[in-house]
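One chain, chain A, appears in both complexes that follow, with chain B as partner in the first and chain C in the second.
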Partner chain A sequence: MTVTLTEVRKVYGSVRALDGVSFRLETGITGLLGPNGAGKTTLLRCLATVLAPDTGHLDVLGLDPDRPDQRTEIRRQMGYLPQEPGFYRNFTCFDFVDYLAILKEHVDRTERHAEVRRVLELTGLADKSTTKIRKLSGGMRRRLALAQALLGSPRFLVLDEPTAGLDPELRFRFRELVTELAVDRVVLLSTHQTEDVSAICDRVIVLDSGRVRFDGTPARLADIAAGKVWLAAERPASARIFWRMASGQFRAVGRPPDGAEIIDPTIEDGYVMLVGAAALGTETEAA
Partner chain B sequence: MTWHVDESALGRYREGVIDRVAAASLEAHLASCEDCRRLVVFDHDWLKHSWDGVAGRVEPGGSGVVERTLGRLGVPDHVARIVAVSPALRISFLLAVVLVMGFAAVASGAHSPGGNYRVFLVVAPLLPVVGVAFAYGRLVDPAHELTMVSPIDSLRLLLLRTTTVLAVSITVGLVAWPLVPAPSTLGFSAWLFPALALTLTTLALSSRFAVWLAGSMVAGGWIVAMLFALSRGFEAFNTRAQIGFVALAALATAIVFASRHQYDREGSPR
Partner chain C sequence: MTATLAPSAGTETQATWPAILALARFEGRMMVRHPVTWLGALGSVAMAAFRLWEEAPVLNRVSVTLAWTMLPLGAAVALVSGWAVLRAKGRTDAHPPMVMPIAMAQRVGGIVLGLTYPAIGTFALQMSLLGWSMTRDPVTSVVWTEILAGPIYVLFAGAVGAAVTRWMSHPAAPLLSVLVLLGLMIAFPYQQEDWGRNIGIEWLSPLAWPQDIIPYEVAFRPAGLHLGYLTGLTLFVAGVATLGRLNVVWPVLAIGLLVAAILGPAQLGPIGESRRVEAMNRLVGNTAELSCETHHGIDFCAMPGYAGWIEEWAAAIQPVVSVAPIERLKGLEIRQYPAHFTHFYEMDPTTSDWWWIEPAAKDYLARNAIALGSVWAPWTSNNLLHGVSIAAIGCSDRADECLGESAQVVLVWLQAHDSRYAEYLFYDAEHSGSSFVWTCIVTDFWANPDGAEIIRDNWSVLTNPATSYEEASNIMGVSLPTGYDREGHLEGACP
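Showing the complex of A and B:
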């Protein structure tokens, strides 16, 4: 069960949203990181069969999304959570998911309703079944969007910012749910939350300016900043980025001064080194 | 708890031969007594199926006026739901159709005798085009992206919604038509064929452009063409013109069929 992209390109006017992206996804969770405008959403929309790439090839679970019959089959086997899912605000949670279940070919009413209840239960919305969507908080709407993505137990999950707007407890619950699902599924997770990537992803891909800048384990991404994260009592001049912590010390990422108190890097540090270097046009060891 | 179910009653209950009053009493006890519940052997799949069936009956869904009406007409519930969700079926659209048709009919009669019946013939075919433009697409359907990635055929969805829009528009038009002081030589096909031709042309253009844009192009083109034709004294609604509209509808249908795979994905197909 794999998803493969080969030299995928997508251009909007003069902007190269995707510029020759190639990688292969296998069973498990892959995190997709990147700054705003890096091409993450375009990439996810191509994989979700919303958008046709200009050139390059996609293979989703052995199927070709350029062929209409195979595209339909991909859609049967895929769950997709867009970055900005729209809702029918006057629908109840149940009716909304029920409607999307109909579109996903769950025709039998009894079986369909059982499936709707299952996904609402999974996302902790069972007690909100009869609540109108307009009355839901942003976090609940996010869970509702996730619920529809889980309809029919898809083999390939494309999740764009699934934890945006979720409180910590729900984020933990989401991690629990996705890690359970990923045992026998391909999950691609775009996020700005590097904690999510550290916590649940087997692999991380960093996209920047439409290109893959990094593809490896979260530990390897963190290693990019090894020896480049330190604590300082004063505002550090040589840091690429720094902030003051509750202790009053500064945590800095960049080129440490002699004798600096070096600490272990996180993947956020590695990400800052990687994408920061790209933004500044300077070399890093990892680049 | 002072009593428990005796074995013989339980046996009769299991076999389904217990009388209804005794069964109700026994079930009331089972609901509150875990020890006795353990003695009742049941098929888990059967129980789950039964509960799903009960929940399916009592849960919300399909309660809107449109869905109920379609249900009574024999339309399957999942199709009724798809049709009812159409943004074009909002009350605002229905009101707009009634008001515009009514206004066009009244305006057509305002300058009788001789009549300015052409006002109706120009306006009426536009209404289904506007309805279709508001029936499908990112700008008008908040859940469009989720709809697009579902396995249901996007063209089928668009056609279902178009059919609904046409049904509403044509019904209202048929009601309004007798108010229009048109010559007796003109039947209601004088606006029906243009309406079908413009709607199908909108669908055909939607294989290349967003539906709202296709609708705008068709509506704009129609208005310009009618202003030109009427200002030059061309007869735009006689039999010959109607044959032309039928031909346009046929051509548009052929284009829709040929482009049927281009409705369900954004970007230029390769």
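Showing the complex of A and C:
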């Protein structure tokens, strides 16, 4: 069970949203990181069969999305959580998921309703099933969007910012849920939440300016910043980025001064070192 | 330019149709539950109830009314159906429905099939209104081809909403579909000339509006052909709405177009003789089913369920019978007809007015008969009194024009036995800025307690067409107003 991209390119006018992207996804959770405009959403849309790449090739679970019949089969086996799902405000939660379940060919009414209840339960919305969507908070809507993506236990899950707007408890529940699902599924998780990536992803891909800048484990991404994160009592002049912590010390990422108190990096530090130019508007000091 | 993948399945699979049917059930429920649908239904109920109450339920007029008053409901369903398509299309290309196996055309197919729910609801609504209407009139006849035009029109309206919204990518498309629908309703103007013999092109409108000059329209509507035409149109528009990915669409679209193209013009042609005979039988009623009794030498014939009214009819004409020579009234038939339009249209099937509309009617109507409808009330009793009085005075064809001046006075006096008419007469005489000479004479004469005896004693003279107002006023012992024209019209009020 794999998803493969080979030299995928997608251009919007003069902007190269995807510029020769190649990688292979396997069972487990892969995190997709990148600055705004890096091409993450375009990449997810191509994988979700919304967009066709200009060039290159996609293979999703052994199926070719360019072929209409195989595209349909991909859609049957895929769950997609878009960044902006476009809710029907006057639908109840149950009706919304029920409608999408029908579109996913869950035709038996009894089984379909059981499935709708299951995904609402999974996302903690069971008690909101008769609530109109317009009355839901932003976080609840995000859970509802996730619920529809989980319909039919898809083999390939494409999740665009799934934890945006979720409170900590729900984020933990989400992690629990996705890690259980990922045992025998391919999950691609695009996020700005590096904690989620370090917590649940086996692998992380960093996209920048339409290109893959990093593909490896979260630990390897953190290693990019190894020896480049330190604590300082004074405002550090050589740091690429720094901030004052609650203790009053400064945590700095960049080129440490001699004798600096070096600490262990996180993947966030590695990410900053990797895409610093795009993320911070300064010259990249990539590994 | 972004090359967006067609959000479609491309080919039908085994799961496609069960999913579309499941979607139809879902969309049907959503459309029926929508507040706008209920608002439209409320409008239709109000319109139908008002018209049925106002018109008096006669013959298939009820069926006609139950079809065209579904107009607001259809407009509401067009709007709701358009909104459903708008929702199915999504606001962005990353909308979840766009990456589902059921494609856009198939989703619209589900919505179009789901329209059967509001259509069934429409039929239920019509049946409720029909039931209510029948509590007012036991002889209401039901013309199913007329009534079914209501639900089919609702299907058509919903299909228009779906088609316009499907092919017009604008949030205002559902509203535009309602305008398209209403435009179709008024785009076919009445064909005014020779309307009595030919049916106008208004039949090309999805819902044919009833003309106000009616009996012909009521009796000879090509309802069956129109229903077929409307069904063809509905299939065609439904096909247009669902073009794209369903194999069945092209045959449906083609059959719909063919049916509409054949039956559309066919319904505009003159009706056949057998249809005319059938319609006339409906208008005149089945003589064998009448219950007849004779009072004062006059035959009273009532339709089934109305026999109990004969006593009331006989009582109503008693004042005329007590004054007029009985031999003048012998052989007269007071008969109830299912299609009696005097109440609303001021037309009587026994008068020449009707024959002008449909000459064949003349052969079907009883001679020397006074028509009664299926409503019995003060205003209809006046019509009965008028007919009996005319017959008593001796006008052979019962047209007012055959009366002389004096006979006109007698006619009005006889009718004034009906209290409502008398009230009108006296009010008119006392308050109107102008009046007729016979009004003044009768008003004055009304105060004479020996009036009935004077008229009875002088019946021959007073009902003679040659007797003038002057002679009548002398006989009646009242003063004759001055300054009236040849038609008896006074300048100013009665003295």
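Just a few scattered comments:
By our rule, the second predicted complex is superposed on the first by the 276 of 287 C-alpha atoms of A that agree within 3 Å, B and C clash if a C-alpha of one lies under 4 Å from a C-alpha of the other, contacts with A are read in each partner's own complex, and residues count from 1 in each chain.
Just so it is clear, a contact is a pair of C-beta atoms (placed from the backbone, for glycine too) under 8 Å apart; a residue touches a chain by one contact, two chains touch by 3 or more.
Keep in mind that this is a model prediction, so the values were computed, not measured.
Taken together in the superposed arrangement on chain A, chain B and chain C clash. Touch criterion met: A:T92 reaches chain B, while chain C stays clear of it.
Look at A:T130: by the touch rule set out above, it reaches chain B but stays clear of chain C.
Using the contact criterion defined above for the overlaid structures, shared-chain residue A:V50 touches chain B and also reaches chain C. Of the two partner chains placed by superposition, only chain B is touched by A:E111; chain C is not. When the shared chain is aligned, no partner comes close enough to touch A:A219: not chain B, not chain C.
Within the superposed three-chain model, A:R76 lies in touch with chain B and with chain C [touch as defined at top]. By the touch criterion stated above, A:A237 is placed in contact with neither chain B nor chain C.
For the contact definition in use here, the residues of chain A common to its chain B contact set and its chain C contact set are 45, 48-52, 54, 65, 68, 71-72, 75-76, 78, 80, 82, 85-86, 88, 95, 98-100, 102-105, 107, 109, 112, 148. By the touch criterion stated above, chain A contacts chain B in their complex at residues 10, 45, 48-54, 65-66, 68, 71-73, 75-76, 78, 80, 82, 85-89, 92, 94-96, 98-100, 102-105, 107, 109-114, 117, 129-130, 148.
The part of chain A that touches chain C in the complex is made up of residues 12, 41, 45, 48-52, 54, 65, 68-69, 71-72, 75-76, 78, 80, 82-86, 88, 95, 98-100, 102-107, 109, 112, 145, 148-149. Across the interface of their complex, chain A is touched by residues 49, 52-53, 55-56, 59-61, 76-78, 81-82, 85, 141-153, 157, 261, 264-270 of chain B. By the touch rule above, chain C contacts chain A in their complex via residues 2-11, 13, 15-16, 18-19, 21-23, 25-26, 30, 87, 90-102, 107, 110.
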